[in-house]
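I have a structure here, written as structure tokens, and I will follow up with some questions on it.
Every chain is named by a letter (A, B, C and D) in the order it is written, and numbering of its residues begins at 1.
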Amino acid sequence: MSIPRLLTMLLFVLLMAPVGTAMAQQDDGSGEKLLEQLADASPASTEEALQAIAASGHERARAWLEAYGNNRLSRVKDTGEIVIVLNNRGRDWTVADAVTGENLGEMSRRDLDRIAINNAVRRQLAGVLAMLDLYAEDPEVREEAARDLMGKVDEAVLDPLIGRLDEEPVAAVRNRLEQAVAIYRVEQEGSIEAVDVLAGSLHPRARAALNSAVASENPALKAAAQKALLSVEQKLKMNRAAETLYFGLSLGSVLVLAAIGLAITFGVMGVINMAHGELIMLGAYTTWGMQQLLPGQPGLALILSIPAGFLVAALAGIAIERSVIQFLKGRPLETLLATFGVSLILQQLVRTVISPLNRTVVTPEWMSGSLVINDALSLTLNRMYVLGFALLVFAGLMLIMRRTRLGLEVRAVTQNRAMARSMGIKATRVDIMTFALGSGVAGLAGVALSQLTNVGPNLGQNYIIDSFMVVVFGGVGNLWGTLVAGLTLGTINQLLEPWAGAVLAKIIVLVFIILFIQKRPRGLFPQKGRAAEG
Amino acid sequence: MWLARPLQERSTQLFLGILFLALIAVTALHLALPEGHPLHVSAYTVTLLGKYLCYALLAVAVDLVSGYLGILSLGHGAFFALGGYAMGMYLMRQIGDRGTYGDPVLPDFMVFLNWQELPWYWYGFDMAWFAFAMVLLVPGALALVFGWLAFRSRVTGVYLSIITQALTFALMLAFFRNEMGFGGNNGLTDFREILGFNLRSDATRLGLFIATGIALAIGYVVCRGIVTSKLGRVSVACRDAEARTRFLGYRVERVQLFVFVVSAMLAGVAGALYVPQVGIINPSEFSPIFSIEIVVWVALGGRATLYGAVIGAILVNYAKTVFTGVMPDAWLFALGALFVLVTVFLPQGIAGLLRKRRKTTDDGSGPSDAPTTAEATA
Amino acid sequence: MTTFKNRLASVVLAAAMGTGATVALAQEGPIKVGVLHSLSGTMAISETALKDTVEMLIQKQNAEGGLLGRQLEAVVVDPASNWPLFAEKARELLAQEKVDVIFGNWTSVSRKSVLPVVEELNGLLFYPVQYEGEESSENVFYTGAAPNQQAIPAVDYLMNSIGVERWVLAGTDYVYPRTTNKILETYLMDQGVAKEDIMINYTPFGHSDWQNIVSDIKRFGSAGKKTAVVSTINGDANVPFYRELGNQGISSTDIPVVAFSVGEQELSGIDTGPLVGHLAAWNYFMSVDTDANYDFIDQWIEYTGDEEAVTNDPMEAHYIGFNMWVEAVRKAETTDVDAVKDAIIGVTVPNLTGGYAAMMPNHHITKPVLIGEIQDNGQFAIVWQTPSTVAGDAWSDFLPGSRDLIADWRAPMSCGNFNVKEGKCGASAGEQAKAAAE
Amino acid sequence: MSIMTELANRDRVFNFLTPTDSPVDVRHGPILYLEDVTVSFDGFRAINDLNLTIDDGELRCIIGPNGAGKTTMMDIITGKTAPDTGSVWFGSRHNLLTMSEPEIASLGIGRKFQKPSVFEALTVFENLELAMATDKRVFPTLTATMKPEYRDRIGEVLETIGLKDLMHRPAGILSHGQKQWLEIGMLLMQRPRLLLVDEPVAGMTEQEMERTAELLTSLAGKQSVVVVEHDMGFVRSIARKVTVLHQGSVLAEGTMDQVSNDPEVIKVYLGEEA
């Protein structure tokens, strides 16, 4: 069908949506036809079929398109009826009638035939959905749609877009639409006024268009494009720098989280705890467990697993302290060996009890995606949360160590055990508490890491070495040192990575640590007094 | 002469005696008895024992620094692996044009990532003498530079341990990179000959096994010689009261450096003998976990008693072999439990246990008897 | 002193005896099938399921009356993701346990480490994982995909059906990605892709911080041309990689990622919500719509007792390999290695994707190539597949060193690297030098 | 004459061959000489431009309340702590501030710590052996053998410190007093020109004290001895010349009687003890 016609229909439908619905109620089988058309469409004719559905204004059009996009539009093998798969886990799937939307109950996946979609089609689909969204009530949605359209415009949607431009009330959205059109204009028609529209835009597609213009023969266009590009260069550099810094801090925050627990068990108690990584792992698995307990509410589960993770790891810590470490007072080497054994046991335990496979930990809505600062800079949310979390944990620990009775006793015991004892401090109790605290914090790290990386038996292994590096680099027994060290190493690493590559960057950082320790044999913030000797 | 001294002391004679007896026994049982005879020692077992002996030598090297010098090195795997790579490079060059691509010079992995010519650092490794020299020199040199940096600036305790760990970790990452020209993750493998002997013949295996045994003997005597010499007592002095030792006029950092380098070279030799027997060298030998494991063997056997290190290494690895076969799904539990129990209930390691027994029979703690030192350190 | 002596002696002896003690008892009796997959260490994630698969197949075979009237017995060992240990365990299986065949290995390095042992002791090894090729051993049967059975078709698909013009080749820094990418680079250039339209990136194992790389990819992809990522990223590194992709807002419609090492099992550890539409190329998917497959899945779920249990490509490879071996043994009427080696060439068994797999003279098998899209249920929806099966190519035509090599283990040639130019076994130096020069 | 002829002529040591750590030169002036030495640890001045000279063969006692800087002073002399300002000379040739602990030790300055520090893992015999004045570089140490004359010297010292029958027991099992003696014995083995003895009689019985007193006095003359001690009785029993340190600088100097009547000193001590 011709594009204008499609457009007018769209408009018509959207203006009198209620009527549309009413019309849909006493369905005339148009739904089936549309779906059949889509199901039987050849790769070439798929887009038309999609447009048709979009234009039909059928109340469930959107549902169909989305189901199609998610590979959930299927056809029952024997009846040929077209259904939407509601739940596609396991061997029997729940399906609903596509047209009426009524639930048809379970059906073996053997009997279902998926209506195929591929990447190319999905692209077109995205365009179509965006077009639909351009007519949504919510200007946010419209702007989002407009942004999606940038660089996706082809002559099929050009006129409707332009048509839409005139009616668009909100400036921001219009602005976007203009840019979207301009990109098309520059790339296809090489129009110079379009270049001016794109000037100053940070959107990568906009710049790509300008770059293509720079490459063109037309000198005027070339000049205009160059000028337009120049105006954003500086801004881009700034954004680049900001981005790298953010990357560095976020990696740093991960290191800090992983190491801070160790800074207590190792730094304060002098226990070389090789099982630290496994305590982190326990925290991560707790998150997974929580999400299993509360299916469908990953967010809530995640929040609950903060205390839970702490508790689990802390209890494990106490178990380790009571069963092993208490017998190894003042023999750090032995603690290393014993805890190494413990870590082996814990790993294999998870393998046999839960599974050697990684576990899925879902990222809640509010943590996924990224915070868009501008077209060139957006900060990933999950890492931002982790960064914040790390700082919170650190602050919390500082409070405990500086302000609470426990903290006081811990410092007393670590500085002079005998003296502290004689002053009536129960050293053993303090040991337990300290180790539990350190382990608990490791658990917290696990909860956070579950949002960034694998939750599997090897999780701990990947962090134990780095943790020790951070603690030592920062200066054993000094929490501030750990914080600074973690953030520094993280940032250095990310600064190096672009030109050195991931591997070399890591190597350089390690060599840097080695040389740094030559200069300052006791780390960034050396501990003063007796405790430092030996 | 300091190397002769240990030969006069009972414990060393005993150790060497048992070692050579074992070598002879295995050789005899391997050659004399027919396949299938219950007591026949198969070529597989011989190689396995050869591997254990390499680990034993490595453990002795680690015990020398951790037990007597008080330097807990968590990076000795690096020296072991470097020695191994030196040997591996020699073995690679020995393949010659028998490789898959039949290139006379380039090892297969270079051909098939189409490198044009041999990197400079591969030169010379086609000559046995050069390669074997490198087995000693490369780990030695690394230990020298690293140790000089560390000891000069008096890096001690966990700080030292952690940077040794950083060292081996960095090397591991480096060797994983294919640009390095050491075969990346696949490492060096598919060896054919050593000194003209076919590596896939049982005779060669037996030879390597015996060679390893002798190397262990020599290594043991060298270490024993050091620890029973005045220098050995100075090392113990450095371990227990560094400042005091300085005020007596000893240059602590040089003592540490000397012992550290010797230990590194021994580790290198162990690695070099290890590679032809297991048939592959790959960056995982650099992994910090492996280095920690070595320390575990030593502690298990009993620190500051060289024979303890030998026992520990052989025992743990034998346990591994058995467990991984008998209870594949649960062997880590056993191993982990072993570590925990020994450290908690046998702080002196197995050697400590033996010594307690021995104390009851005779009280032979002569002026320079390692056990005394070990006891006092606990 | 005496007690001390005894102790030390006993230790040494114990080592000698204990390992030597299990010297092969009972040659007749059950047919021994060695299983050489890591059950601990980093590779346990991938390999444990393969061990279970073999055990399941054996159980089934025995239920159907065994083989040659004898029962099958699995001999499982744990090489613990430790490469030298792989060689040692292989030797144990062949020399001590006297197994008739080994199913095992995942990583290239473990295979390389086992290879000399298997050749020396003349054993049989079935290797079930897609790999870099460039190898053909008389004693090894490669039931996984060679590069021409996975990488090249996948690229073709992206080029022709999606219209990709700009390529990111991202991989973990080891030999499989290196080789695959080298092959792809050559191939793409032959297809007229410009050098600056190809970006190659390598990361260490278990790389977990992808921020920089993903943002680079984003930038690279925003140049106007349709861009795709060809990922040979291995195992553990994938979860953080895809997470970062999702969070930095790279959707499959902008920059599709096609992965060669991500299967159902890896996905089972990832929240696939954000990944819908990204691609993977394999020779089998759990979602394959054939009864053979559905039966296999039912059998697997029953065996593991886990409703959520997934199947994947290497498992199918073992399924095929195992059946081929059984066929060959039947044909040869013995488990004798040499007999089986000769008998198995040409053996054809049904695969799970509704076709047949044949063992080629170069010890690789014929496979269909499937492209699947990740779905929100951790499964793949098949979007494309080769019209017919593709025969595995031991030596790539896109690497100068191996262009002229072929493998054919049938008499009279029986050679793993026959140089067709020179008409002799074993590539010669002269040819090699020329090839390298090109 | 020309270098060549100098070289040809072997029976003399020529100045261009003279090693820098040649015997201490005390021909003109004292053996130890501290001038305007100041040290402060984050703000706190432990030593406050201290001036001190010890003559060759002198026995000097240094007393002073806790925190007077006695031990810090020893740290400076032995090279453990570097002063912020000032100069420290050993004889008139050796500037101690430019030397490391081992160098200073091999120059002939021996030190006994406040807290007895012996090698507990080694036997008494071995402790003395290590202390013995011999070539202490690495390889000579490695190849060193126990010569009869060494054995005799160790024997003598064992006699002097009365630990002969314990010679083969690890030093770790010794009593506090015995450790003190052992450490003094190690000092003797070093044959130093100057002994710095920090609280030698802490934890000793009366007789032990007397013997220590005898020993130290007997040493004086051959060697210079600096004793830091709290025990006034002991100091009185040995002291010829006493220096009183207070807040890092010299408060008074003279014979025991002189200083004990010095009003300043009395004030300080009473001030402390009251």
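Everything that follows uses one rule, which is that contacts are C-beta pairs under 8 Å (C-beta built on N, C-alpha and C of every residue); 3 or more make two chains touch, one makes a residue touch a chain.
In UniProt terms the chains read A = Amino acid/amide ABC transporter membrane protein 1, HAAT family; B = Amino acid/amide ABC transporter membrane protein 2, HAAT family; D = Urea transport system ATP-binding protein.
Remember, predicted model here, so these are calculated numbers, not experimental data.
Number of steps on the shortest path from chain B to chain D, with steps defined by chain touch: 1.
The greater number of contacting C-beta pairs, out of the two interfaces A-B and A-C, is seen for A-C.
Between chain A and chain D the centroid-to-centroid distance comes to 67 Å (mean Cα coordinates, whole Å).
As a whole-number value, the distance joining the C-alpha centres of chain A and chain B reads 45 Å. Centre-to-centre separation of chain C and chain D, using mean CA positions: 73 Å.
Distance from the chain A centre to the chain C centre is 30 Å, each centre being the mean of its Cα atoms. In chain C, the residues touching two or more other chains are 39-40, 173, 202, 204.
Residues of chain A in contact with two or more other chains: 347-348, 461, 503, 506. Under the touch rule stated earlier, the contacting chain pairs are A-B, A-C, B-C, B-D. Residues 266, 272, 274, 324, 327-328, 331-334, 336-338, 340-345, 347-349, 352, 461, 465, 468-469, 472, 476, 503-504, 506-507, 510-511, 513-515, 517-519, 521-523, 534 of chain A are the ones that touch chain B when the two sit in their complex. Residue ranges on chain A touching chain C, taken from their complex, read 69-71, 88-91, 110, 113-114, 116-120, 122-123, 126, 151, 187, 204-205, 207-209, 211-212, 243-244, 247, 250-251, 254, 347-348, 351, 356-363, 368-370, 378, 380-383, 452-458, 461-462, 493-494, 497-498, 501-503, 506.
Residues 78, 80, 100-102, 105-106, 110-111, 113, 117-123, 125-126, 129-131, 136-138, 141-144, 168, 170, 172, 186, 190 of chain D are the ones touching chain B in the complex. Every residue of chain B that touches chain D in the complex is listed here, in rising order: 1-2, 226, 229-231, 233-234, 236-237, 239-241, 243-252, 254-255, 258, 366-368, 372-373, 375-377. Residues 1-5, 7-9, 11-16, 18-24, 39-40, 76-80, 82-85, 87-89, 91-92, 95-96, 107-109, 112-113, 115-117, 120, 134-135, 173-175, 178-179, 182, 202, 204-205, 399-402, 405, 416-417, 426-429, 432-433, 435-437 of chain C touch chain B in their complex.
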